[in-house]
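Letters A, B, C, D, E and F mark the chains in the order given here, with residues in each chain numbered from 1 onward.
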Amino acid sequence: MRPSGRTPQQVRPVTLTRHYTCHAEGSVLVEFGNTKVLCNASVVEGVPRFLKGKGQGWVTAEYGMLPRSTHSRMNREAASGKQGGRTLEIQRLIGRSLRAAVDLKALGEYTITVDCDVIQADGGTRTAAITGACVALADALGWMRQQGMLKPKQEPLKGMVAALSVGIVANMPVCDLEYEEDSVAETDMNVVMMEGGKLIEVQGTAEGEPFSRDELNQLLDMAEQGLETLFALQRQALAV
Amino acid sequence: MRPSGRTPQQVRPVTLTRHYTCHAEGSVLVEFGNTKVLCNASVVEGVPRFLKGKGQGWVTAEYGMLPRSTHSRMNREAASGKQGGRTLEIQRLIGRSLRAAVDLKALGEYTITVDCDVIQADGGTRTAAITGACVALADALGWMRQQGMLKPKQEPLKGMVAALSVGIVANMPVCDLEYEEDSVAETDMNVVMMEGGKLIEVQGTAEGEPFSRDELNQLLDMAEQGLETLFALQRQALAV
Amino acid sequence: MRPSGRTPQQVRPVTLTRHYTCHAEGSVLVEFGNTKVLCNASVVEGVPRFLKGKGQGWVTAEYGMLPRSTHSRMNREAASGKQGGRTLEIQRLIGRSLRAAVDLKALGEYTITVDCDVIQADGGTRTAAITGACVALADALGWMRQQGMLKPKQEPLKGMVAALSVGIVANMPVCDLEYEEDSVAETDMNVVMMEGGKLIEVQGTAEGEPFSRDELNQLLDMAEQGLETLFALQRQALAV
Amino acid sequence: MRPSGRTPQQVRPVTLTRHYTCHAEGSVLVEFGNTKVLCNASVVEGVPRFLKGKGQGWVTAEYGMLPRSTHSRMNREAASGKQGGRTLEIQRLIGRSLRAAVDLKALGEYTITVDCDVIQADGGTRTAAITGACVALADALGWMRQQGMLKPKQEPLKGMVAALSVGIVANMPVCDLEYEEDSVAETDMNVVMMEGGKLIEVQGTAEGEPFSRDELNQLLDMAEQGLETLFALQRQALAV
Amino acid sequence: MRPSGRTPQQVRPVTLTRHYTCHAEGSVLVEFGNTKVLCNASVVEGVPRFLKGKGQGWVTAEYGMLPRSTHSRMNREAASGKQGGRTLEIQRLIGRSLRAAVDLKALGEYTITVDCDVIQADGGTRTAAITGACVALADALGWMRQQGMLKPKQEPLKGMVAALSVGIVANMPVCDLEYEEDSVAETDMNVVMMEGGKLIEVQGTAEGEPFSRDELNQLLDMAEQGLETLFALQRQALAV
Amino acid sequence: MRPSGRTPQQVRPVTLTRHYTCHAEGSVLVEFGNTKVLCNASVVEGVPRFLKGKGQGWVTAEYGMLPRSTHSRMNREAASGKQGGRTLEIQRLIGRSLRAAVDLKALGEYTITVDCDVIQADGGTRTAAITGACVALADALGWMRQQGMLKPKQEPLKGMVAALSVGIVANMPVCDLEYEEDSVAETDMNVVMMEGGKLIEVQGTAEGEPFSRDELNQLLDMAEQGLETLFALQRQALAV
């Protein structure tokens, strides 16, 4: 039995609240159960130096946790003077995932930065962040369209991207782990997928015992199923 | 006429939402109009080194702004590797203000850290932070009482603390400036007050022209009046 | 009785020694009793990026304490790798205060940086720094005039700026606190004033008990009186 | 055709040179073709603070690239003042991979740090590092056994760990990519495996087009085959 | 002809003003012509970790330049977040030089830190610093003697240490170079000597053309002569 | 008797292996006995800002030690966030020494950076680094000649530079100290010389007792003799 009473393949209640803050070109509060991440997409003209003059845009992400988003308070990274390894790893993952969804040529010479800040953490912050950030990105692109910043017949967004964690807990594959499960999982996997079923990123880690190809396949099957739910929710949120 | 249609002495709509996140011992979302600050109070056993063995506790604060809480995106302080001067100045002010409200001897050897993170900024983030942080602090002390961490007959909280900005805009003293007013104010003053009317901190700055003693007095009169409203709202929030 | 035998409203002996070092365009050693601060003003062509092309100049300040300017040795900020919150707060205050005295349009596209380094500390380093820095700034502007860097009929300096600390010690308002008084003051206030009596900055802090409007007014009255002495000394120093 | 003339499933020539430097308790130069990584394992008594008193040991890793290990010179991380995101990500991966191979209880209260420094880079530095680091770790444990630091009947090393990169280049799955292939790969996957065939870590990333489950399976099949070669070479190196 | 009209072997006017500031246990302003360095020696109980329990003391130094001690303003090291290579090199040299003069066993478990801060620079700041720091150190040891911190029959100070720069300017060996000479010197050498004529440190650098053994010997002869003057001035200062 | 059985004036076996890595324009592994340093010279177009438009090039160096190049593991400087004082001092010395060997006008507007990374340390890493770096520099210049980057009749390399440590161990002057000797030396001197016998840098330090002019001369005589051997080996390596 899972702590929440969910079935193994059941995703937590997911909500995507658009226009959550008023300044960002795209602003989405994503909730996966008790995990809450605020995803703000900001558009600026110009690209980083390494892309100057290449006639393309750039999409990047930054990630942070409020110090008391977690069970016990963590140090504030701004005060300790650097972002930790986990933070950098996650924001690089979010950035790569979003770029997989965007035709950077069609974007033109603009940079979109999506800030994903964890307001409350209960497992799966990086998968929630990717799922919410893609909706914020879609809103930012919509805003650019309205402003006439995009070329008439070009659509930079190739499709939605979502992410889900799966893992083996007490020998059972489960989907969308909350903290209580995550902290005892034997294997933990994050799957980032493109609408349509193709994979963008698969990161599976044995926390305790190594895992077999069979277990890997069970986890991927389970992730695929849960991700369908997330794509539907993203589309529904954007349809409003 | 003020941009919001408010009268000069009118404070913006203020809300104080307690138990906003689930992990912190005190968690309050404070809103002064469009300014939204999340105040999370965390209790840990023990005190900083300079207070060891003195039989007293400590209260401190940290402050941060989400990168896109502002009109245009700011750099993330964790990424640039240090907290800026404005950030440090504000978190020192919040800490001093809260300590003025607490009997540190009665607190015992515990440290309460209040994290004030700006979700959305529209002027007055430091005064909103102080006003919300005091309610979060009260909740954290209530939690400590429940846990039996406080001595039976001792009450660490001496009274509520609130803060309000006042300023001179277009030659007119106004109360609780929003960003549009703040950015053109000739004089800007933050007043931190203890319930009952005594002053904890007065910080008045001429942004353009210097100000007279008369103007200073007008601003303080206006602040006193507005702060009464804030104390009432704090008490009301805690009464629920 | 005050430790120095001074009356409550008495300022310590103040000296302003111009041309203290030989390289800076303005160089003043200011002494408020045992507090000694070296204020060096440096002129460079050009302005910070955010002011480029706006046809105006900039005035800024930096502050530091020699490690053994204090009773017991402090860590060297250059070695610990960052300026502390107090340092940043003070240098921001000095910069704002000096800018209030200068017509930045009349200055033209030059930047004047005033370094205020504390040689010996005995309370009131920030007020001494502002008072001395303004004289160093006047000398730097005089040097610019000689070099033909200023337009013929324009005077960037609007008047002198000086600062004084006042506070309540053992229930008595006193002026220009030395360290022994400062460390036990119930309320501590720094007042920055423009020649002529208008206020640039008022920062009052309750260190122990909150203070009343009456006490605030007593302190401001006392500050005004002491500041007259400082303006006279600045004028006298510059007249030589 | 691959640039090196290899077949798709062919691993580059791999050498593992033990006792490469004289001070480290385990020192292995691992070469995957032109990729050369020096893996030095250091043993110290004691464990990090978070493990104190838990009766177990710790294994961790650090990773770095010499500035001119690459085609064009990179900045020295020590000079720029921080380790980049890619560096932190890789050293976290190496550490997790090695810990999966070790029974930390059987290790006792010792910490083994494996430094993996890239002398020359031509793709696959992280997989070479893991493969070499495991041999250096085995040597360090052998040294501990000789010194009497390990309990008689306990063997901390559960088995060998090796890693291999696989990817899709020009629509063809290939094994052990060199830089020229890596830089144009559509999908890039790193597979860390335990001797016996169980998986420790799978990290697949779509660099260009997303990939299908079928492609994922082809890549994993190819990795399994190549990893057998690596395990044989590790055993052979340790048998000398 | 030298810019100052000095003969080649002539040292600039040197003054050593003791008790220059009031808090430090030893405080000396040293002037070599226009070069002015404030040397403050601070005594604290205890030793750095690597010396704990070895029954000896420690002497160390820190060095800094006020931003406008130089012809044009330098960046403040505290603001740029690190001490530069030249600063670290000089403070290591000062520390080594002072330790050569002290019997650390006789000092007992105390640490003396000598802060050398350059108030005004005109060449030779490191040699002036060493020469002044040794007098400050002597005063600090005298203070310790008065406080009863030193064992009755033990004298930690083995003798005075002084330093002098020599160099080849326009093919002529000269002594105690001022900035105008230093900046065009072909060879620059700093000589640190113990009273009695033995050498503690010799650092000779060819800035332009390499130098011969003959030139090296001429420079050392000249340094020896000049250092006699400095030892006499140190003794004279301490005799007062 | 020396630990290695060498005579006092005997240099350790020295090898210079060119083309050690494949990417750098010059790449030399230099070995002085067990001390092994990899010297990679990188050529890039352009010069640092302070040399822009002066029609000359620049040569600089960086130095680092692998964490376990030493007897016990040192902290990784990239992880601790800064290069230590010793590191900065050594890389400044290497840079100055190499620049003494190069006609920067003849080099043209290119920058050559020589990275000296210590693979294994046993005393004398800085002298080995200079000796190897000069050969790597010669190779980089040869590569530039081949690429047509140098003007036809101009030779930037004025001659070879080499360096050797000498010291007094147990009252006996010895040459090319290994770690066991270095750690107990009374006096330690590094001598950098230009082919032909002129001196570039002399750095002598009394670690314990001060040294006399006679001892200094003995050490310099011994260094000169040993350096002849190094110049011969450099020429021989480049002749292949």
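In this text, a contact is a pair of C-beta atoms (placed from the backbone, for glycine too) under 8 Å apart; a residue touches a chain by one contact, two chains touch by 3 or more.
Worth saying up front: this structure is predicted, and the values here are computed from it rather than measured.
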* Chains touching subunit A and subunit F alike, please list them. => D
* Asked: For subunit B superposed on subunit E via Cα atoms, how large is the rotation, as a multiple of 5°?
  -> 120
* Between subunit F and subunit E, is it the same set of residue numbers doing the touching on each side, over half shared, or a different set? -> same
* Asked: Farthest from subunit A in C-alpha centre terms, which chain would that be?
  -> E
* Structure fact -> Chain centres computed over CA atoms; the one at greatest distance from subunit C is chain D
* To do: Could you grab the centroid distance between subunit A and subunit D? Build each centroid from C-alpha atoms only and quote it in angstrom.
  => 28
* Asked: Hey, how far is the Cα centre of subunit B from the one of subunit F, in Å?
  -> 59
* Asked: Which subunit B residues reach two or more other chains?
  -> 81-82
* **Cyclic ordering of chains (reference subunit A, direction subunit D)** => A, D, F, E, C, B
* In their complex, what parts of subunit C are in touch with subunit B? -> 82, 84-86, 88-89, 91-92, 96, 100, 189, 193-194, 197-206, 209-213, 216, 220
* Asked: Which residues of subunit E touch subunit C in the complex?
  -> 21-24, 27, 34, 36, 38, 40, 42, 44, 62, 64, 66-73, 76-79, 81-83, 87, 113, 115, 117, 119-121
